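Consider the two complexes below, in which chain A is the common component and chain B and chain C are the respective partners.
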Partner chain A sequence: MKIKSALENYIFVLPAVLIFSIFYIIPFFSVLQLGFYDWDGILPTKIFIGLSNFKEIFSDRIWWQSLWQSGYITLIALTFQNALAFLLAWACDREIRMKNFYRVIFFIPPVLSEVVVGLVWQWILNGNYGILNHWLTHFGFANLTRNWLSDPNTALTMVAIVHCWKGFGWGFLLFLAGLQTIPRELYEAAHVDGANAWQSFKSVTIPMMISVVVLVAILTILGTMQVFVLIYTMTGGGPGYHTEVPVLRILASMRGSSRFGYACAQGITFGVILCMISFVQLIVSRKAKN
Partner chain B sequence: MKSGLYYKTKKVTLNLIIHLLLLTVATTCILPLLWMISSSLKTQETIFKDMSIIPRVFHFENYYQAWIEGGFGRYFLNSIFYTVAVVIGIVFISSMAAYAFSRLRFPGRNVLFFIFMAAMMIPLQGSFVALYVLLNKLHLRNTALGYILCMINVGLSTSIFLLKTFFDKMPKELEDAARIDGCSKIGIWWHVALPLAKPVLAVVVILNALNVWNEFILALLIFDSRPLMPLQVALMTFQGEFVTRYPLLMAGLTIAALPIIILYLLMQKYIIKGVTQGAVVG
Partner chain C sequence: MLKFKSFYSALLFVFILIIFSGCVSRQESGKSVITVWHWMTDREPAFKELSKRYEAKTGVKVSFELYVPSDAYSQKVRAAAQGANLPDIFGILGEKRDFSSFIKAGFILELTPYMDEDNAKWKNYFFAKALAVNEFNEGNSYDIKPGIYGVPIDIMTIQMVYNKALFKQLGLNPNRPPQTFAELLDIGKKIKAANLQGLVSGWGEIWMIDCLANNYAFNIMGKDKVIATIKGEVPYTDPDWIKVLSLFKDMQESGLLASGLVTMVNKTAEQLFANERAVFAFNGSWCVNVYKEMNPKLEYDAFLPPKVTDKYPMAIWGGAGSSFMVSGRSKNKEEAVKFLRWLTEAPQQAYLAEATNNLPANKESINKIPQVLANFARAMDSATHPRVWGVSEFSPVIEALDKGIQSIIIGEKTPEEVAGEVQRIKERELKKRR
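Up next is the complex of A and B:
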């Protein structure tokens, strides 16, 4: 009876476990394995080459450049995007009109697909026919106009800004949710004690928000390091390799040069780097809480 | 005399600055989309010269052309089909699993649940390489079924988490009553648990629908043949081939963006709830 009941219970989880095993667990281990092989993805023969792929990654300059560039985008997202998100959340956390309107609008970019956002912004930033250059000329800043996405000096920053445009609504929402959980009495108490706006912000808001800030920071870093669809649609990694990011490199190893083993080795390297980042953050956030 | 009027003026000024800031950012959110729609209503000749946000003549025929000639009608229906199929799959599979993880007892329950949750945390990069190889082996690449199964897998962990959290808090009395009435386990799940879980199911449905509709990379790798492609990949292909046909591309982008914006405006309560809950997991 007991065995029969347990078997019956397994039926509930069977479909989920089956799909998860085939489409998550198997690929997971096969990435770990393929990283040590030289394989073009087609021929049945895979050649075991030990750590050669990883050695090659160490001297792959474009790989490290791509990693640095996604780090640059992450840095901008972490500072500019999250500061903006926090400022807007703080501005909305009070009795003002149209609060709901703002909240609804700010979350429109995050629900759009990266393909749509990338292609629309590519059109806006177009060097010859883009509206941005048109307006710059119109308002007398003609000397600022440029081919934003094919100029090596601006391409990466432009991509980062569009990434922030698409993403700030997330942080805004989480910050606002956090701010609204702070009891009003704390502010009133601070006010009674004679604290001005800045002092009550420093001694009430920041301590109460620290865990939300850490959460948003972790999500921003992990999310932004893995950015690539936006870049794929806006620049494709160019000009040259100036907007390449790791996931684009993995894709290029796989589709461009048919080096499946090398692509998997890159994937493993990147995964390990991300795990190390999350580990460091975990320690830092523990320390921040104490 | 630093009371009354002084504080009132100060407050009004602060509110004014705040509204100015919020309005500026809100405008930056909307303007690119307006520009997209505006560009989709111009012709191939006017689009490079007419820089006004509201075009002089509205060329709605672009949408007809994009829908028929550009093939976006086909891709649109593909996207709808994949979205509906994946969401239905996820709702059934994840709610059954979540119910079992929450209510039923069987050996290995906690380990299995832990594995599902760990999958959300581990940033596995390049899994699409292995997935591509696997689907080739299973002859599922370039098939609708292959894509649907992959996308069901993508949404499973988060959906199971959201549903289990709900089932854990759900009172047991109703289920007990149903059991005494002789209802089977499947019956209880279907007749008692699922109807009660409607608010969470709404969150699960909407989050996954957004995710599937907007998905790009797996669709890019899985589909070679044009007639099977969903909108997002088709837009990218269209952009590569018809570089100069911007009005049609913009019409295609609008076709891809509008349903999502409408869905969002109708369901924002659930989306915002799902986002704030989902973030706490990851």
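Up next is the complex of A and C:
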């Protein structure tokens, strides 16, 4: 009877195990294995080259530049995007008029397709016919007009800003949910004790929101480091290598150069870097909580 | 609880059934069906119509399956090759090196015996340059048995086009495109003075920059030196290559290049030119169909990129636009070959040209095409293509050259700096292969 019951249990978890193995475990090990081979993605024969692909990554200047650039976008997202999301969530959590309307408006960018967003912003930022340059000229700032996405001085920052615009709604939603879980009594007690708005914010809101902030920060880092579609649509990684990010480089190795083994090694390296960042962040946040 | 278990067991049974049904091979019906995978959205209705005609004639059904965008199509073909699921007929997007890998792996049928039948009747349908793209010659560097491995469906050339109305606006003769590079630069100055946009192209997509750079490399140093560079015998730091790279600096400084060109995709470039917002475009013969759809009233004409020197002839990229291959593992090989032979006969090619405004690969159909398209076709005499050179440049080198040219255009690097960087990558790649 016991054996039958155990067997039944195993059979019941079998579909989940199968799906997980087929779509996650096996591909992961295949990618890891391919990282040690030289393979063009077509020939049935793969040449074992040991750690050569990984060694090459260390001397691949463009790869590290792309990593630095995605780090720059992440930094802007972590600060500018999350600060904006937090402020807006805080405003919507208070008794203001039309707050439900604002909640809907702020959540529109995240639900839009990244391709559509990329193309619309490409048009807005176009140097010749873009609406941004049009308004700058209209308001007497013609000297500021430029081709925002083709100028190496502005391309990456513009991409980062659009990414923040597209993504701040997620942070807004999470921050708003977090703010709504803070008991109102705490604010009332602070008010009775004579705390002003800033003191309530500093002593009640911030400590109660730490775990949400950590969650949003982790999601922002992981999401932004892997930014791809938006950049692919807006600049394709150009001008030159100025908006290249790791996922674009992996795609270039795989599709442009037909170097599947190298692309897999890049993917593994990138995965390890992301794991390390998350791990460090988790330790730091635990220390901060304590 | 018992009810739940029964329900779950039924669910499990269905799940296992679905999984195993995926492993069962397709039932062969009595009727032959040839499956063709392609990526050509604009040709889909014409292909469907031709498929109907073929079925009516032979009773053989041909199923055209469209997969877009072309990147996704390309990945699908590679994945299908790995899973031994390639269709009877398919096309390959990529470099000749990829094509050779497909042949080496046995995924592509050699078509030479079919082409040579009846005194090479089928082979003689085609423009030699269209066929050359699908051909491997004796002693090729890919170690492929010499022969023909693909069937060209249409041909293309990549050239300059100019807007006649904007030429008039600039005070230029609308029937006389620039003949020399110096003239082109002079027009660039006029464009800048008139505050118009000059040349548009998909230079954000990389390969079109490579194309123009190679055109001028052929003109400045000749084919042999270009091939020698690819073989590693001439460095990219050679004065002739610096001269090629400097042309892009000259074009930028004259005002010829449209603003934002380095991140422009070809679709945007086509829109700008079709909407009369740019004087020049650098585009392939497929643009005739695109411009016609976007602006039927557009007055324009095609011309070869103006020469820098008379020392060597100007060469443009051209040859087979798209080609089909027969799967080496197809059960319907013979039927597939028969269909491709029929598809490339003059009446079907003429229909394709008329319906899609693409240049037919069949020589006999070339006299039934519109004027602008005929101008593109005339340039076939100057056409060459990396796929017929017998050697391929390393992809990282092509990327470095193209990105370097982008850097020159935005004023970030000098031609000498770019040449040095490209050469460093070339040496690294050569060292890896040794």
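To be clear about the criterion, the second predicted complex is superposed on the first by the 270 of 290 C-alpha atoms of A that agree within 3 Å, B and C clash if a C-alpha of one lies under 4 Å from a C-alpha of the other, contacts with A are read in each partner's own complex, and residues count from 1 in each chain.
The working rule: a residue touches a chain if its C-beta (ideal position, glycine included) is under 8 Å from a C-beta of that chain, and two chains touch if they have at least 3 such contacts.
Note that the coordinates shown come from a computational prediction; the quantities given were computed from them, not determined experimentally.
After superposition onto chain A, partners chain B and chain C are found to clash with each other. By the touch criterion defined above, A:183 reaches neither chain B nor chain C. By the document's definition of touching, of the two partners only chain C reaches A:127; chain B does not.
Looking at the shared chain after the overlay, A:41 reaches both chain B and chain C.
With both structures placed on the common chain, the touch criterion links A:207 to neither chain B nor chain C.
Number of chain A residues touched is higher for B, counting chain B against chain C. Contact with both chain B and chain C is seen for A:12 once the two complexes are overlaid on the shared chain.
Once the two complexes are overlaid on the shared chain, A:147 sits against chain C while remaining clear of chain B. In the superposed model, A:257 makes contact with chain C only, not with chain B. Overlaying the two complexes on chain A leaves one chain B stretch of 24-32, 240-248 or 258-266 clashing with chain C, which is 240-248. Under the contact criterion defined above, the residues of chain A that touch both chain B in one complex and chain C in the other are 8, 12, 15, 41, 128-129.
Touching chain A in their complex are the following residues of chain C: 5, 8, 12, 15, 19, 71, 74-75, 78, 81-82, 94-95, 97-98, 101-102, 104-105, 107, 197, 204-206, 258-263, 265, 277, 394-396, 399, 403-404, 406-407, 409-410, 412. Of all residues in chain A, only 6, 8-10, 12-13, 15-17, 19-20, 22-24, 26-28, 30-31, 34, 41, 84, 87-88, 91-92, 94, 96-98, 101-109, 111-117, 119-121, 123-124, 128-129, 131, 134, 165, 169-170, 173-174, 177, 215, 219, 222, 226, 228-229, 232-233, 246-247, 250-251, 254, 260, 263-264, 266-268, 270-271, 274-275, 278 touch chain B in the complex they form.
Per the touch definition, chain B reaches chain A in the complex via residues 15, 18-19, 21-22, 25-26, 28-30, 32-33, 35-36, 39, 47-48, 51, 92-94, 96-97, 99-101, 104-107, 112, 115-116, 119, 121-134, 149-150, 152-153, 156, 160, 185, 189, 210, 213-214, 216-217, 232, 235-236, 239, 246, 249-250, 253, 256-257, 260-261, 264-265, 268, 271-272, 275-276, 279-280, 282. Contact residues of chain A toward chain C in the complex are 8, 11-12, 14-15, 18, 40-44, 126-129, 147, 149-152, 155, 234-236, 238-241, 252, 255-259.
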